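Single-structure report; data block below.
Chain naming follows the written order as A, B, C and D, and within any one chain the residues start at number 1.
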């Protein structure tokens, strides 16, 4: 299956054989390539409290390397500008005070050019670090850099989700990249999707081995599952139009109480970024405003909507454990587990048994968000290449839908 | 152990041998006894959006029997006043439109006297129903009445939690009952509490047998547990004062991100209903404003606070499964599992595998709230006698603390 | 003209010859008579932030006499309960801290019975005061009592406006008094109303002589007027229905910018308390829900609506000076200047030249509100008898419409 | 007196003899010069709901000429882009729907470059118009262009007030122009300022003659004044520091009730843009963050603060009529009536007798804002040269203080 990825942006996304240094350089460069399609004006504005400006993403990922790698580990490193710590710390309480999140869009200074200088300054520091150690970095340091790479890849996806949120509010409906959004070859919703059976029993969950992973993917542990079936394809726009035509958004009994309250208060009657024009439903995308394609997987749905749709369909969402086990078993049958859309699961985001966050600021990465959010599995067409894996746990609030989020159905088996 | 219960209100709380009809009559009467300590003025006011007026509770529980038992099942039953369906439906979308929740306190009419008449009218209807069937009710009907009894018992507890919320806002600090709040005999926090060990393995969870239970307590199913220890006593006010003295409310790293945001925004620096006077901390209770007793279990803490305290103590909250298994095993060692305070667990409120809500309005009882809330186990000193059981799942939002909520610690074992 | 007044409540409203003591007693009694039509439940609830509970009005007017008359002037007076100062101070910063206005409805204690005892206690204190001085009160003291009487009369009207605001939110539409609202004999809108001409020139405005008045009615001063005409009758419901039928609420250009924003945000498309039922427009009144009578003056309109209506009609609102001069000149031709509805004027509420508020708490009575409000002239059917006068200046925010407010048109003359 | 004006920006601000066409060209160019000190990033962000991005000001003033001059009056004129009407209409209901005000900062497209093209396109259209008429424009058309020039000058001042509001939120405290803010030569607060007496009597107010003015400056009409005195100098920072030291912001009785509520809710304890650093009070200005100069006039105060200060000083604010008459009389004695700071008056913004707004969209310019605002007189150092005049009426809400606003005291005379 030909995935709809950022191939143009990641020409060198080949080698697992690439060194840490090479991957760091490639990741740092990819962020600039993503931003290069935008003007300085596009990059400074904050679309909403949940989103951040592109420039902020470029600077914050840089600050991450400066604050957690260079300042503690590179002798004689001089900060680019001490004041930027305040500007570009995101949420690390341990790392000091910071600019309020809802005002990130006020930072017209430092300029985009200065932020690019900041990136270059930190990149040189990182090069010096590699030189210092002759590329034989201590394991702790290598782990921090690996974390920084993955952190920056996450923000690369956020650059795309956040710019879409901005352009959606523009009456001119600008395209981030007119070529961006192509129909994925594997997305054919002509049939209802195969139901892939999975036996119950004790199964091992979570990360094993040496591969990079976030702390929230472990410890590896056993869970007890009941038999179930997972559908081989994502729910499509066509499916969703049926749900809408059947009064899905008007039928209280299909919804969680909080969900019903939310869609009433916000007057939701279609997925995020959908607009009804004279000639039917359209969707704002990174390629601009396009007509709804019934065969494409439905995207920009919240947990509330995903849950209501599943109830309407007489099915349910899988737990994150079911998702992980079934996708692992049926890798060949499920063409769209990764690189299409994040998939809501029925699992509230919580710690795995025995989970302990790291000490210090790095420990704030995941653990402190384990409340009020739901786990999403898989990855999206905006996820950086190489960033996906089976045990990956993404998480968002149940009303969030500015991310590239869809769903896949499950049902009990006997 | 002598529990601190509403014994005066429930003199006849003896017999399992009592008939459904007798228990119904006793429950209906208990509600009136609870209200009798309040003036009509006290009963009409709504303390906040989450709380309801006493009169509303008295009427709503009556409406429940009228709408779900009498109107569908008693031939020739005439509603007391059709308009009251609109007034006293709580959240049953299937049962029609209803008065907005935040405006329940505007209902000075119908008067308290009329609501008492309404209760008498419905009670007569229920008596007629029993007479019609010569006390041999069809099973469905008996189940509905049993549900109505339990529903009314829940609202009896809410009458107490909600009136405390009202009186707490009164500068005169009125007592609901000066005799209400006595130190429980078993609550002695002089020691740190025994750590009760529980082996890991597959354990059965949820309701079995014929006893009444809510739908959310089943289906019974197996879970896989790791070894752990549960503490034999509730966390005390004395423990909490240590937490406060150690800067618990000022240390961001102890808190979930949402929790930290919440206590900052609401300027929380002590449990709910605590007030610092010249001579130290006091607590508003159903017996009025009293000095903090360090040996009493700490109450009116939110999930956010319970979670932060556990992190500070180097422990954690138990999952609801751990709680159920350990309390079942160590019933004799845990004196305060029931009838003292509801206990926050680490478990997000979710459906058990295979859970299906009932059809119709009754199906809205539990299932539609399975999102954004956390499970509490046990019961409180305000819970109606006979209402507690091992598999009971209470649930509230993580910022709620107007209920009688406390916590019990757990830790991993090897 | 037979006015639609609270005649039943004020049988002894005859004599200017009555003594201050007699008028005080009558006023104090009138408040109780007004409250007597309500249950204790009705009296405790606060309908909205702007409104206050009946019980609060009864207690606050009593506190006014206690704090400003008895405590400073009656030797050996003992406060009924010191804590009530906190409960029932309204907005007098000089008189100490006070219960927050939006939480007046939380005060189920002190009870209504206790508030009646409070009233009796203060009434006895006032009697003692009169006895002490053998009815020859010092002038300052007499002035304070006179102010207290007028203050209590204002709150008598607020009791009625506030209870209507409460009952309007009740799905049972209770009547305060089924006999209350009778069609005023003089209100006949069959014709368009005579246009009463007034020459321009220098005119004297504001209070003169010895009659009681509020400080904001003076100093008496000269103003320069242009020739104008004032209409002899209030705008009627029938007039307003024409405005509505002509798209008045949908035509932006008729409205002040703030007004248009307000009616859009609040979805106003008719006067306050109007409801469209199957058989046409109805209005919630103190006599319950009644069909709109086109010949009655339109009431419960905000300044924004009054201003838009005048623009639609090709007329304007009079200034408060025009109103005072024209009503003084044409007393016989204007039957509804008083005792029907307060009439919005085009004048922002501001100090007269040379105005100085009194020292101390009493000085907070009027002056500190001289911003963001508009002057209304005349009086309403809910105004206490004897409380009206030509120079009286009532004032409310331009979006307020829970008062008995209407309008009268003016136009330039040549 | 050497004023602190935008002299560098307006080198050719000499000639009354300049033609309309020349003045139009100069005004259009001045806007670009003002923007030239800002990056594209600076120009796109909206600091708050009340403020607008620089780019928006540049485009909106252009739209004004396109929509009101070119489209109705220039045959064959083709709009630059029809979609921009929606983007850049401000509040003209008559001119069609428009982008919501609080989302002006979302318009990263059209780009700054495109907006400059838009300006050039419209400028060419205006040139064509002049050519068409051989510079002998019909009077109506000339009046529209004159209005457009004055409208653009107003937005030139807003560009400066709004960018200051943005930069004030930036932790780097950027300077718009380090040279901008120089101490005005005439501002010497060493003495208390001369009290200039004015006799009472009938005085003529408002515009007369042929000079350009806004509709709200007329009709010219007579008012009756009492004798008063106006102070010859603006209240200074030094005066304000005394007010603060005397507890001005903590003394409820100095404040209007709405003002006291506002400063409590917003925690104001100093003028806008003031910050207390370790070495004392500083002020954020267009030249960056600078220490408070006690001899400079106090700026960025709201009406509420101005009114409270006057009460504290035992004086009052002048009415707008008093201001106009006294400044006219004492032009030579009052060096800072213009070109320093707008001066709050005690006058609510209202129509002059006989005022009628123009028909159509132009009629929305002033009249619909005559509610809830107060009149300011004079002009500020950010006002465009030639834009000031004696009868000018500026207006803002009483809580606004992001404008260049100060105050001058008055007192009654005998």
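Throughout what follows, a residue touches a chain if its C-beta (ideal position, glycine included) is under 8 Å from a C-beta of that chain, and two chains touch if they have at least 3 such contacts.
Remember, it's a predicted structure, so these values are computed and weren't measured experimentally.
Asks: Which contact partners do chain C and chain D have in common?
Replies: Of all the chains present, none is in contact with both chain C and chain D.
Asks: What's the farthest chain from chain B if centres are computed as the mean of the Cα atoms?
Replies: D
Asks: State, to the nearest whole Å, the distance from the C-alpha centre of chain B to the C-alpha centre of chain D.
Replies: Taking the mean C-alpha position of each chain, the two centres sit 59 Å apart.
Asks: Can you work out the whole-Å distance between the CA centroids of chain A and chain B?
Replies: Chain A and chain B have C-alpha centres separated by 38 Å.
Asks: Averaging over Cα atoms per chain, report the distance between chain B and chain C in Å.
Replies: 46
Asks: Can you list the residues of chain B that touch 2 or more other chains?
Replies: Chain B, residues with two or more chain partners: not present.
Asks: Touching residues of chain B toward chain A in the complex: what are they?
Replies: Touch list, chain B to chain A: 91, 93-94, 202, 221-224, 226, 252-253, 255-260, 303-304, 307, 346, 348, 350-351, 353-354, 363-364, 368-372, 398, 412.
Asks: Within their complex, state which residues of chain B touch chain C.
Replies: By the definition above, chain B touches chain C via 39-45, 47, 55, 83, 86-87, 99, 103, 105-112, 166-167, 169-172, 174.
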